[in-house]
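Residue numbering begins at 1 within each chain, and the chains themselves are lettered A, B, C and D in the order written.
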Amino acid sequence: MALIHRNTSGVYIIAATPFTETGAVDVAGIDSLVDFYAARGVTGMTVLGIMGEADKLTAEERRAVLDRFLARAGAMPVIVGISDSGMANLADFGKYAMDRGAAGVMVAPNRGVPREDRVIGYFAEVCRALGPDVPVVYQDYPQTTGVPVSVRTILEIADANPQIVMLKHEDSPGLAKITAIRAAEAKGGRERLSILVGNGGLHLPQELQRGVDGAMTGFAYPEALVDVVRLHQSGAVDRAEDVFDAYLPILRHEQQPGIGLALRKMILHRRGAIPCPAVRAPGPLLSPTDLAELERLMARTAARVASL
Amino acid sequence: MALIHRNTSGVYIIAATPFTETGAVDVAGIDSLVDFYAARGVTGMTVLGIMGEADKLTAEERRAVLDRFLARAGAMPVIVGISDSGMANLADFGKYAMDRGAAGVMVAPNRGVPREDRVIGYFAEVCRALGPDVPVVYQDYPQTTGVPVSVRTILEIADANPQIVMLKHEDSPGLAKITAIRAAEAKGGRERLSILVGNGGLHLPQELQRGVDGAMTGFAYPEALVDVVRLHQSGAVDRAEDVFDAYLPILRHEQQPGIGLALRKMILHRRGAIPCPAVRAPGPLLSPTDLAELERLMARTAARVASL
Amino acid sequence: MALIHRNTSGVYIIAATPFTETGAVDVAGIDSLVDFYAARGVTGMTVLGIMGEADKLTAEERRAVLDRFLARAGAMPVIVGISDSGMANLADFGKYAMDRGAAGVMVAPNRGVPREDRVIGYFAEVCRALGPDVPVVYQDYPQTTGVPVSVRTILEIADANPQIVMLKHEDSPGLAKITAIRAAEAKGGRERLSILVGNGGLHLPQELQRGVDGAMTGFAYPEALVDVVRLHQSGAVDRAEDVFDAYLPILRHEQQPGIGLALRKMILHRRGAIPCPAVRAPGPLLSPTDLAELERLMARTAARVASL
Amino acid sequence: MALIHRNTSGVYIIAATPFTETGAVDVAGIDSLVDFYAARGVTGMTVLGIMGEADKLTAEERRAVLDRFLARAGAMPVIVGISDSGMANLADFGKYAMDRGAAGVMVAPNRGVPREDRVIGYFAEVCRALGPDVPVVYQDYPQTTGVPVSVRTILEIADANPQIVMLKHEDSPGLAKITAIRAAEAKGGRERLSILVGNGGLHLPQELQRGVDGAMTGFAYPEALVDVVRLHQSGAVDRAEDVFDAYLPILRHEQQPGIGLALRKMILHRRGAIPCPAVRAPGPLLSPTDLAELERLMARTAARVASL
């Protein structure tokens, strides 16, 4: 399979992990979900990220989930979240993923003293453990990891480790970080980083206008991300933002912390992507009020998109 | 002046505090800002909140700012943020505000051990220090205060202290909290709380549909908040949400942490509300990229609102 | 094996997990370590806690480590840390541990929205998943879990779930919590909780004087914990504190966040308890300065203890 | 008055701020406290720090407290905590302090996005606002400020701003930071920093052995800090640590977060340093159990010190 690199662009959808009502991994659901994503035109998938509930899976389950995603993905590139408290287990799973045909791996800085020099040391250790041929995505998501980093730290890590080819950008506030990275690259002397944005895509048009290469997030309307990125890249900047704005009300709703994943999986379920909307326990349950509210927003979205 | 109470509703705009280029309080700017808010139909104002940069003002400056807001507000009710690390200074300023004609005061739980029993004790102490005749708004904003509380803690505080008449709701995720409070009230045995929502109004339509009484936030398009609340209260629920959605792209942009206040003050400045957009130091400065981006979003908002 | 209950007392040492230089689990080291702890008179062991680096082990490794500890422990009771992001995996491992003869399990509240009502719900779910016959230790360690709770929340959880028989108390500040729990029990109407203290034992004499039943912590001089608890329980309160004070300088040194585990394992290694002092990566490495400093403190401790 | 500089050493006691039973500033108590500190041989005082409850004082009160401390201090150097959410107020108070004869000012990084590049920018702004002649202490206390920084960030700030002459070191874990700073200085090319340690002095012997210049903390037995630093500097390294160890049990007790300041002020009161032990509200109250426990520890300390 082709590997991700410093010019990778497009939409890498953060894939949900489907479970049955009893909380078992739903392997058949994986096939259905991959087909749903593929039919909506995504460039690739990122599996076993935070929103893929990787931390609720055993190592065996993670391998089984990955295998099934890869089998169904065919030629579509798959990035694999391998963040782990232990370095050996991180590296083992990273090698497993690459051996099976992954396009790259994604790592967030581990918890611990949140000093930036420690993060630099951590990523050096990660790259050493993986070996130099494994392309790595740095996930910059301090709201969840508790580890904020400066732009210069990101640049230093990417300069020191050529295999860190991509930034999953989801710091907040974050727009100025994108501009600062692109400005630093424009001065010359370093290779550009591919930047895909997360955070549900909440600021996607602005982020594209500031120079990112696409999105890596799990919004349950992947076609929206695909259309916005494609239109923007083709020069239809205003039209891209018009399309985005039509989806923004439900995107903002899905982006709520805590309950967002349950909403996302319910939308995916209602749209036929997964047989069962269950989040693995412990996780939020949607109340009848939540459900009615979500249906109302889905209907409004459909009407608005139809009028585009 | 009329006091706020458990059935207060409408839009209480969180007022910015205008500064000159040199960082001095711009008292003339206060008059201009009050007139701007009044002309857009707000019910009242909340001054010296977190977004009013109260923590960057000395006690003397806070008194001067409050006096000017009250003088210009006329009959419009004014709620005053009085959060303070010291209880005596909190109470002194609260009494000052009420003596000058404020409609109520707003308090967020102070930093310190974030155990919920401590918060219950803290609000008992606040109420005792203020005396029973001062209406108090509980500001539930854990993203900034670092003090999350359960619904039952809010209810217990409001039950034990009848003068706590209003909840400024801006926890996230927060929609279920509103429903839980309204359900607990529906069981009887306790007085209802007025609930106004913050967080820029990011989920205002859903919050109104779940039973809140309005908004208390500082969005730089107050007429949007006013229209949405009024339409909703008149039964035009869908139309209210249509209006909201037209403003959502710029509302979401203004709602960014860290840089949001600078964006908000720039919009207020561009709309003629304040002579100078300065945020008091230390605070973010807008780059030319930030400014061009903001202007683009303002133009898109104007076009979209015009087509409503 | 006997189960822990609401009157369990003594010293349950938090067992380190030994690794080889290459980071593999050192099963022979487990035997040596158990013998070391037993020879110093501990009541029992708690394995696979936070300081047992459980989060760096795969599920298979955790089972293997547990099996070896249980095999060597013989009649000594073993409590097993089973905290896990996923409820099903938590319950599976808990059942495995109890089937193999564990005396109970230990659970800390999982990360997530730190509201106390959520914690109450979480422990109800944990108890349901484990079944009512599994004795559970509530680990109250907010400095690491990020989830502080009030005394009344602890009491409510213990009242609602009789199987929660023990509190591992390591909140800070925490002395008043102990007194409040014992006072609530003295009023009658509820069963007492066994309370063992953590935090390296930093306040052990004061905690014993306030009514705790012993210690559950990993200090590398287990004989100190054993002597202090035994002397205190036999009425020699002053002598207990004299013994404690002799160990306090090195206890305080070992209690440093971040580097403390590496120091503890080095002491255990120097004392012959484990063949290799390695902390699994990622973890701190001790510099020559760190080592010389530690040796100096060990020598001072030996001299002081000899003069008791 | 002499200014602090990059070779300042000794003990700068963090001065408590005395209040009366009603919470008013106790100016007569300030005189008594200064005399107490002076009689125990401290080098200087640091007033209006975090433990001086500066955040509970109005700007007027801060000026009055400072004036009284300076008047009584005579030739003893006084450093003034000037941390403030607003830059103008920080600078105004800093200039006021220097005009009145302070030896320097102390600033902690303000809350806000905790990225290290922002901290670098913040201290540049602080130095510009104060002017180049004001010596500044950088307070590195992330447990309270929420802003951890790497060693290289500290060095960069100190290199770029020659007026930053001193580090108040109280990060935890922190011993390795001291060694790293001293090693970087030993390479040449930069001026050394004075380093005084905080955190109650919990690791003072180790910190002295690693090259700090003394202590800046508020331990209620200042003579202990003075003796330890003096003995260490005179080459009696072991004897210094023996003295320290005698005080360690009560030092550790006073060092508890949350309740520590109330304990410290009670000790100061019992030792005759201040007329009233009150902490300004909101603050912890000591229970009879707390008091009896403290008295017991004070008696044990006296006995142990007498036997040195």
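In this section, a residue touches a chain if its C-beta (ideal position, glycine included) is under 8 Å from a C-beta of that chain, and two chains touch if they have at least 3 such contacts.
All values derive from a computational prediction rather than experimental measurement.
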Intersection of contact partners for subunit A and subunit D: B, C
Comparing contact pairs by residue number, the option in B-C, B-D or A-D matching A-C for over half of them is B-D
For subunit B and subunit C, what's the span in angstrom between their mean Cα positions? 45
At what distance in angstrom does the C-alpha mean of subunit D lie from that of subunit C? 34
Separation of subunit B from subunit D, taking each centre as the mean of its C-alpha atoms, in whole Å: 37
Scan subunit B for residues touching two or more other chains and write them down. 113, 173, 257-258
What does subunit D use to touch subunit C in their complex? 172-173, 175-176, 179, 202-203, 206, 209-210, 241, 245, 248-249, 252-253, 256-260, 287, 289-290, 293, 300, 304
Per the contact definition, I'd like the list of subunit A residues that touch subunit D in the complex. 113-118, 148-153, 173
Which residues of subunit C touch subunit A once you look at their complex with the stated criterion? 23, 53, 55-60, 84-89, 110, 112-113, 122, 125, 129, 258, 280-282
